[in-house]
Amino acid sequence: MAAEREAKHAGEGGIELPSPTPWPLLAAFGMTLGFAGLVTHPIVSMVGGVCFLFGGVGWWREVLPVAHEIEVPLAAPARRARLVEPVPETVDHLELGEGGHRMRLPTHVFPLSAGIRGGIAGGIAMAALAELYGLLVHQSLWYPVNLLSAAAIPSLANASTEQLAQFSTEGLLVGVIVHVLFSLLVGLLYAVMLPMFPRHPAILGGIVAPLLWTGLLWTSLGVINPALNERIAWGWFAASQLAFGLAAGFVVSKMERIATLQSAAFAIRAGLELQYDEEGKE
Amino acid sequence: MGLLAGAAVLCATGVAMAEPTTGRPVFDQVSNMFQPVSVPAAKIRDLALLVLAICGGIFVVVGGLIAYTLIRFRARPGDEHREPPQVYGSSNIEAAWTIVPVIIVVVLFLATARTINELELKEPPESALQVTVVGHRWWWEFQYPEYGIVTANELHVPASTPDAPRPTFLWLESVDVAHSFWVPRLAGKTDVIPNRRNTLWLETAQPGLYLGQCAEYCGTQHAHMLLRVYVHTPEDFARWVEEQKAPEAEVASVAAGRDLFQRTACINCHAASGTVADGTFGPSLSHLMSRETIGAGVAMNTPDNLRAWIRDPQTMKPGVRMPDMKLADHEVDAIVDYLVTLR
Amino acid sequence: MTTASATPPAPAEWTLPSRGRVGMACLILTESAFFAIFIAAHLFYIGKSLNPPYARDVLELPVLNTICLLSSSITITLALRALRRGAVGTFSWLWLATILLGLEFLIGTGLEWYGLIYRDGLTIDTNLLGTTFYSLVGFHAAHVTLGLLMLSGTLLFVVLGWAGERDVERIDVLSWYWHFVDAIWVVVLTVVYVIV
Amino acid sequence: MTAIDGSVLPAEAAARTSFWIRAHEWATTVDHKRLGLLYISSGLVFFLIAGLEASAIRAQLAFANNDLIGPNTFNRLMTVHGTTMVFFVGMPIFFGFGNYLIPLMIGARDLAFPRLNAFGYWLFLFGGLLFYFSWIGGDGLYGTGTAPDVGWFAYSPLTSPAFSPGNSTDYWILGIMVAGFGSTATALNFVATILCMRCPGMTLGKMPLFVWMMLVNGFLVLVALTPLTAAQVMLLFDRFLDSHFFDTQAGGSAVLWQHFFWVFGHPEVYILILPAFAVASEVTPVFSRKPIFGYEIMVAATTGIGFISLGVWAHHMFTVGLSGPVNTFFTASTMAIAVPTGIKIFNWLGTMWGGRIRLRMPMLWVCAFLFEFVIAGLTGVMLAVVPFDWQLSDSYFVVAHFHFVLIGGLLYNIFAGIYYWFPKATGKMLSERLGRWHFWVFVAGFNVTFGTMHFQGLLGMPRRIYTYDPGRGWDLLNLITSLGVILQAIGILFFLVNVLWSLRRGEDAGQDPWDAWTLEWSTTSPPPAYNFEKIPVVQSRRPLWDLKHPNDPDWRYE
């Protein structure tokens, strides 16, 4: 539409714009008075109605059959917009890639599927260890599941140890959802974070992160999941976290070779910052 | 900056005023939700501390990052004609700062979901004391169906001891507009809504007086709809119940006042045991003098204040539903003399 | 670094949606939100009236009305098809048929209300049913009325020759509104007369 | 004919034009720039009025048992203050920004429906005037009149004829309803403009983020505002026709109103904050000298916020005794909305990281906004935790929270936007010196006032009380809160002086004072009535970067 108008008027020295009109103002005023009559006096409504009618008809005639337009002359040449000109600024360039700048970083990332696979592998490893604990110590497959879902279900949170060893549909459902959700999320996180710490992904993803996570939970588990907090065997817990970390980290790092700057600063690997030309490293 | 200043003030006032002073305090009590004395309030406090810790951590990290960025990447003299490298984004870091918040949110959500369902008790336990709370503009009515007691503005409940647990279970109703029952040290608030029956429970081992007030805007005197909850030891509570159930002593010397009371429009709105008065629009006056305040907490319940109140309630509590009864001074005195015998 | 061409690539063919259609779509969206609230109120209060008359005793499925209103959607589509062909005469007749079908609907609603008010004693202040029924059906009827006014105006313009084939886009946009009024009726019919 | 835009007239000629001619021009204008300025300036006038109302409220609350203003006046003031700030300040000012900037940014000559645009503006203005007329006309044509006193969310059944006789509540309904019709018209106009009027080359993926956010905002207004109108119509029926929508005596539900109101009310918060995000998304890149970090995820987060915001309303109602599953659902959705909001903050941070940040006035406001908004977001998460909310809801903590959102988030960005685009609209720069005074004094005052309020809330002070007893731990805090207001008022004074002074004596801005990259900076300041002599053609998200760096243009990389 704009382009047509442009084509139509090129070189004519004026540009057509919608012409000013009082009718919208009158219509709006009438409409307001129409409502104001409800709280003042019916006569106000009537006046409003008449105004609205006039405004509406005026507006109608303004746009039908063809909307009125006026031709606005172009401003004097001296007052017209100047063309945007190249600026002398230099733009710092990047070392990466052939084109210089503006790429999305880092250049090689794990596909999302790596994170999902890693999460699944880690989740299986973790669940296997937790179930092993349940069978060995409490002779129950359901015990670890119920303890996990006690984070969200008060009836399980207040249950006795014997009750926790029993099967609970609610517990199984919530437990599986929570476990799958966390496994996938953490797996994805590994896939995006590991390239930022490329030197020893196995140690970081497999050992450091699970231990940090365990430590963090140790401080707040009493509120997040009091039932688990009372009964937790920290050794087994940390072991299952490690199992997750090692399995997920292993699967993720095997998906594809990590291709990122091995000697660059963290911010560069995180994709927050780029290395400048002048440093000329590597 | 404001937060820091406020935190300092909070600590100062918290230390200075948090504990109820000895003697029977009037208004001097800070209803600090971080000093709970009741089971639900304590559970909320625990959860709140977790949330505060997480949020505090996030604030420090993000705020620190913003500050660091501002200092580290400020334009410096000589930068005017140099543009930094143009970076569009990074799928990795963007994914990371999407996933990490999701994990935090899920953890918070699980703990929240459990606490919600723990606290939202719908059925009262066997041992519970049940009280019906009725919100009026602008006062509270408390009915104890178990004992046949009706009182106003000052709720009396027993403490719950480990060997005889006795939670208090409140049924919340309103006869006019929406109110909200809130005593921060005992429990979170629950709205009191007409044509709806809400519930709230509390269980405390610590006798004392706990202040609160209506927390849902309910019109002119929303500010003066105070709640006073007295927690008694089980023995004290039993004694209080007995006193409330006992008939009023008929004092002969105030027969004139009682007569006048029964002949004026007072009885259209107020009830008083032992008289024909059975109105329900205003607070019951039975055992009036066992209450510490009048007008839902606008003043202490002294004969002087009562006199001023009856003479012109609109001065003490502008907008209150009780009109100025245009009584002569001696009539007011007679009625006050009668009222102070309602013990 | 590869040498880049000095001139930017020319933009491909540039077409954008018509503003009339987008505007009408927005109007329909916002009106749907309006009706959604009235429908929600009606659903919420089903069976909650404290005093008679109750819905299952007084409301009857308005079969004829529904048939008329829904078939008016067909006639309006045919009318537009005729106008596109340039058959202004056919268009006018079909357009008139649409208006008459809409008018029948309004009359039917009026008769229904008359019966409800004078036979069953149901008014807007009788009970919750009256409150939600009259406001929901009433707002729908108001929209039908507004639609009829616009349809009649269009017919007048076409008959007088002030508008015609060249305005087919505008008239098409107007027909969207009419289809919307019909679609809302299906929902209203379901929640008011079917779910009792 | 030549006077279509006063700005293109020579200064002397404009001065000679009589007042009435100019008034007529402004009253009949359909030019998006003029209407934008009208929106912004009327919004600022309402802002000053509502600010004075707030000052009166804080004066009353400065001391315990104060009787400066009685309960009736207090309740009216707090109702009118809240209503004004939401409906007659926040929305119109950003509609003004949208009006002024959307066509310029997408390379169009006007909005899609210029006359409808004028209609929308006048409806908003008359709606506001009708609302304020309640102060003198509240009881009808007789009597002294009263303003509404039911709170800005007007919970039923306080609004029913039994508890709110007279017409005051009707003024609340009608004023907002009339303005609401205008807002709906304007939103429709924005959506149609953005979808149908873009200049060649500007695909959806190349629109400036400001335009994207206004697009989502337009949709939100369309789907969220009419539910309010519908609920208000019901209330009108209750009050005038004795129907029973919210009549608890006839089996009606008081909670239904709360649902309907918040179905509007929560998206409304995003309707207010999305344009603020939009301003921040324009200012941050230009003053960091980098393109916005993660354009795609910003767009995704914006639309995500738009959708999720329609499903979080009941978090305003955690205390009404909804069932456990309902509360659980709404806590989940409310926490979920924190994620896209967080993404935005991180992406602004990512934009600044590695840039060369020029701390001019607009950027200063955006940086302050980032800080305050992090606090606002985190207190929002606290309120989403239902049990915690049972304590915090309807307390001063909530008041603090939403003022951090609405001032720290909204107003700061309004200021950022004004400092950023004032040169474009007037051709004059705002004074940096006065601006800094304005900034520091106001920010200090804001934090003193509202930072402190969190603690009254934690100490059990409910909102909307006109007085309180001494000795409950609130006295000192309230005094501090009220003192902060003085600082804020001084800050606003600096701002007003700055605007008035700069209009006359300000430094000439030129076409492109900030060395920016979007299309509005390629035309004159102020732009001519037709915006662009030739409709521009764009190849990238930063058309002016391409022109300024012909050897290194964006279009080669996008």
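Here are a few things to note about the model shown:
Every chain is named by a letter (A, B, C and D) in the order it is written, and numbering of its residues begins at 1.
By our rule, a contact is a pair of C-beta atoms (placed from the backbone, for glycine too) under 8 Å apart; a residue touches a chain by one contact, two chains touch by 3 or more.
In this text, all values refer to a predicted model and were calculated from it rather than measured experimentally.
Two chain pairs, A-B and A-D, are compared here, and A-D has more C-beta pairs in contact (counted per touch definition above).
Taking each chain's centre as the mean of its C-alpha atoms, chain A lies 39 Å from chain C. Spacing of chain B relative to chain C, judged by their CA centroids, is 51 angstrom. Chain centres here are Cα means. That of chain A falls 24 Å from that of chain D.
Counting only residues that touch two or more partner chains, chain B has 47, 82-90, 93, 102, 109, 113, 115, 117. Taken residue by residue, chain C touches two or more other chains at 14, 16, 19, whereas all remaining positions touch fewer.
Shown for chain D are the residues in touch with two or more other chains, namely 196-197, 200, 251-253, 291, 350, 353-354, 550, 554, 556-557.
Chain-to-chain contact here is organised irregularly, matching neither a line nor a ring nor a star, and falling short of all pairs touching.
Those residues of chain B that touch chain D in the shared complex are 1-7, 9-10, 13-14, 17-18, 26-34, 41, 43-44, 47-48, 51-52, 55, 58-59, 62-63, 65-66, 69-70, 73-76, 79, 82-90, 93-94, 97-98, 101-102, 105, 108-109, 112-113, 115-117, 119-120, 137, 172, 176-178, 180, 182, 184, 187-191, 193-196, 198-199, 211-224, 297, 318-319. Residue ranges on chain D touching chain B, taken from their complex, read 70-72, 75, 149, 151, 155-158, 163, 248-249, 251-255, 288-291, 293-297, 319-321, 323-324, 327-328, 331-332, 335-336, 338-339, 342-343, 345-347, 349-350, 352-359, 367, 370-371, 374-375, 378-379, 381-382, 384-391, 393-395, 444, 446-452, 454-455, 458-460, 462-473, 476-477, 480, 484, 554, 557.
Those residues of chain A that touch chain C in the complex are listed here as 1, 3, 64-65, 98-100.
Of all residues in chain B, those touching chain A in their complex are 46-47, 49-50, 53, 81-93, 95-96, 99-100, 102-103, 106-107, 109-111, 113-115, 117-118.
Per the touch definition, chain C reaches chain D in the complex via residues 4, 6, 8-9, 11, 14, 16-19, 22-23, 26-27, 29-31, 33-38, 40-41, 44-45, 48-50, 124-125, 127-128, 130-132, 134-135.
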